[in-house]
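Written out below as structure tokens is the structure these notes cover.
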């Protein structure tokens, strides 16, 4: 099956920043992303868990699949948002079906 | 530690198609997969969120780790299901422990 | 944007073993990880789903981003925990922003 | 003037206001949200409670031929309404044949929350209705889908329809729970009711309030996303079609000889549009149809119309026609 | 004949029928599901309510030596029953020593929903029981695990058992909530009850109905997955073992001099099999044991057996033996 | 001695004991947890119920200038308290200017659960309070954030503050639901109350118990994570600041001429510290501030202090000062 190279960007970010990140992505022309829930985690700022929480606490994971040539635009947009915030940005090489979608 | 090459296939698909996809995978001999929940996302068909929804709406993410040589079988099976549907199929190169399991 | 090589390790493990795994990781010096929920899946031990379950059943997915040189330490620690248990360990090559964090 | 007083009185119920609050919060982009699991829990509760109450009422009033005939009438209505909806949509809007067919399936099927709200309005005004109307509601969920797919197949677009999908539609969770709890209510009768009354009767309207808050939030989010997607023709359809449906429902009720309450419920069922079961079926069978069209129409236009204007009107008409 | 009438009457409760509905829906592959968070919420509610009520009842009836002795009896039963279960399994089935030991842990431990259902049946028939039976239930959760692990260690398979796991088992959520709310009920007594009665007493049976619906769904899904996995011997064990357990429970109740209601509950505890706390412990301590064996037996065979046949029988026997 | 009896009596309520149970379970590392969706569902329920009840009470007692003046007083308190908190923190602790400002925002704002608990204590003792205090609570959520950000901006650290964040804060879910249900209660009055009373009044205290159990679990987990993070000065602040706040609240109540019940609620609001809305705002506006500092102080120190000691004291003082 015909595959096309792409980048898979995963941004783990604080839930209160989610809307700001997705808007920044949209403004930068990134039209597709998927938001995955996160149960808990650990990092330099300690361990946390979503269990029993009431507020918009914790983190979410935003996954974007994009054409390799658009990676820098995306990273610039994402970085502007996450810069001062805790969060992790990971990029992996990937292959996609139906490249016309990205 | 001894690692073995594998492919990590991630299929983001509409929730009402989930059972059809996993059955197609099983029929194609893919014996292992994991289903992750998705909170929301955005694509050509607009933005959506699972919050407050009652029906089997939204999308799920199906992750399969397989031996590289079985990738094409899997993709054929997956593609037959997602073909007419919205959804994203991504493949990344990976390494696994305990290759005998895949 | 300056990216740095890293490894993305994804460990799908039974929920009752989660705390043991994260403690083993912490003891091995892995300071960052993120836990994603899992809805269901299928493997050699059959198909399962979290729907309607009351106990600490099912699986979770633990994602760690680490410096490549620390991979072996992490895998040793993880393997000691998952060894006798069902579960999947996958490693992919990745790139990260802000390498000082890992 | 009396009408306006009545309308105002109808608007001033906690239920309608909760829906309005949800709508306003979503349109104002508040981050107020109801967790998915809570929304599903409330919908399971409402289905269980309404089904059980219907069954208990049948147990105490006994059954006669009218249940069978009412089920039949419901099925026929559900089959027939999509054809009217489709013709109207093709005449009034620019929607493609595919989108029009998908929308029409929603309007032949029913909205259980609209039905539940109507039963609450009746109960609040002390009007009795046939308990088996719950079973009629269940029977009306699926047939409309067949008609819509037939409309599509005729136009050559090739819906994806198989035994599997039939199974999913006929045994979807809400039909099973509604019919199941109806049977449980019918089997256990007043004895069963005594045991669980303080769970399914007393808190019912309060749960409905929070559920309608959620419906308002979801509808408002949908409206925000669909801004400008729907032309005037489609919006007009969303208001016109429930009135046509209600007229057919009234006709059926008169033929069946239902009580005024039963007639109001039959009108409500025919007037309401599905937004849970049918959308999921459409995603499988007609993936090329645009979900934002049918969801916006059914949840964003027809649902609030029925809630605020439709139900009180149907009740008033049913009372006028049948008591009169 | 009288017995059948009674059996039919027992079957015709909303609770049993809800379980049957869930089972039927799952076996028919309906997509009816209860969200995980809702299932957990209901189980927290049931644990809190049953613990609190037990505590309040102890506060008003006072405590005596019998609480201590009953706890001791419960612990001994929980330690002892796995040995019987293990011997039976090895004799009746092909299960490996490991799987047999894992199953036996479940049957020494208890199912709190079975217990809750039995209290509801007693309450429905106006039979009083010792309030502290809730504490006995909590005390019986863990000891069986020790016996099972000892059985495995003896056979050289090397279970993974450490201080950590002990901590997890003894302080698992359901034990803590049950004991905690029991103490809260005992401390606040009737005053506390007045404050929260309309939360924990009135809607209790209704919540139990929806919870049993979910249990039916989960059990049915498990059965579907396990089709043909269990031989006839194992199935027979799933029915025989609760009866043996109940007999031991009755013996203990007679020695302790419990009331008829208390005896019925002791029988139910001994007869029931865990499907929440013990499975999680087994995944950690005996990961090589096959979960589908123990889950199917405990949730798919013994749970419905107790619900439908066991509980009314235990109540009838306790009444006959102790009132007589 | 009378005081100790009263204190013991206050401690022996199911609500306080549930909080203690949650705290103990978390500190003992039990795996008892409340699902996130259930916690959110309970908080939506509590907000809706408390808002609605406040609105109904306003509908039946009528409105006068005092609502406007009370709102104004609340807003001023919320603006002013952060300055006091900030000065105290800088004097008593080693916290950076940024962390001190972030903490101070929490203490100017309010905790709705503390408020809800206080209303329950008043209701339990038959003390009436102004229904519109719910609106005052809503009005006090946000102003403190402005003061805190002003304190930061003055010190040059540059908070991230924009129209967007304003929108998020002012239309955050709990404010919208509180104000919305207050208006719904005010509009539908006793008629509305009759419809949903058995949902929002009867089970209220029971739901509050389970919610406080969850708060105890969350607070306990936070304490475990923060062990030794906070110095003695910070802990002392967590107890001192609510008393100072309460004193200001009392002053405001006297100036406004509130009833004793209203005064107790105003004291509680001023004394309580936010742990839902403000933390989320701080993560956006002051991401460099350490969340474990402000969460531990507000949820781990001040919340239990108010629950156990604060509220009964404020009620006693309000009764003494105003009835006297």
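Structural remarks
Going by the order they are written in, the chains are A, B, C, D, E and F; count residues from 1 in each one.
Definition applied: contacts are C-beta pairs under 8 Å (C-beta built on N, C-alpha and C of every residue); 3 or more make two chains touch, one makes a residue touch a chain.
Worth saying up front: this structure is predicted, and the values here are computed from it rather than measured.
Under the contact definition stated at the top, no chain borders both chain B and chain D. The minimal number of chain-to-chain contact steps leading from chain C to chain D is 2. For this pair, chain A with chain D, the centres built from the Cα atoms lie 38 Å apart. Distance between chain B and chain F, defined via averaged C-alpha coordinates, is recorded as 45 Å.
Computed from the mean C-alpha positions, the centre of chain A lies at a distance of 34 Å from the centre of chain F.
Chain B has residues 36-37, 56, 92-93 in contact with two or more other chains. Shown for chain E are the residues that touch two or more other chains, namely 31, 33-38, 40-41, 198, 202-203.
Pairs of chains in mutual contact: A-B, A-C, A-F, B-C, B-D, C-E, D-E, D-F, E-F. Interface residues of chain E facing chain D in the complex, by the touch rule stated above, are 12-14, 17-18, 21, 24-25, 28-38, 41, 124, 198, 202-207, 209-210, 213. Contact residues on chain F toward chain D in their complex (touch as defined above): 35-38, 40-41, 44-45, 48, 52, 167-168, 171-173, 176-177, 180-181, 183-184, 187-188, 191-192, 195-196, 198-200, 202-203.
The touching residues of chain A, counted against chain C in their complex, run 10, 12, 36-44, 59, 61, 72, 75-76, 79, 88-93. Touching chain C in their complex are the following residues of chain B: 1, 3, 6, 8, 22, 26, 31-37, 60, 65, 92-98, 101.
For chain E in complex with chain C, the touching residues are 33-36, 39-40, 43, 160, 164, 214, 217-218, 221, 225, 275-277, 279-281, 283-284, 287-288, 290-292.
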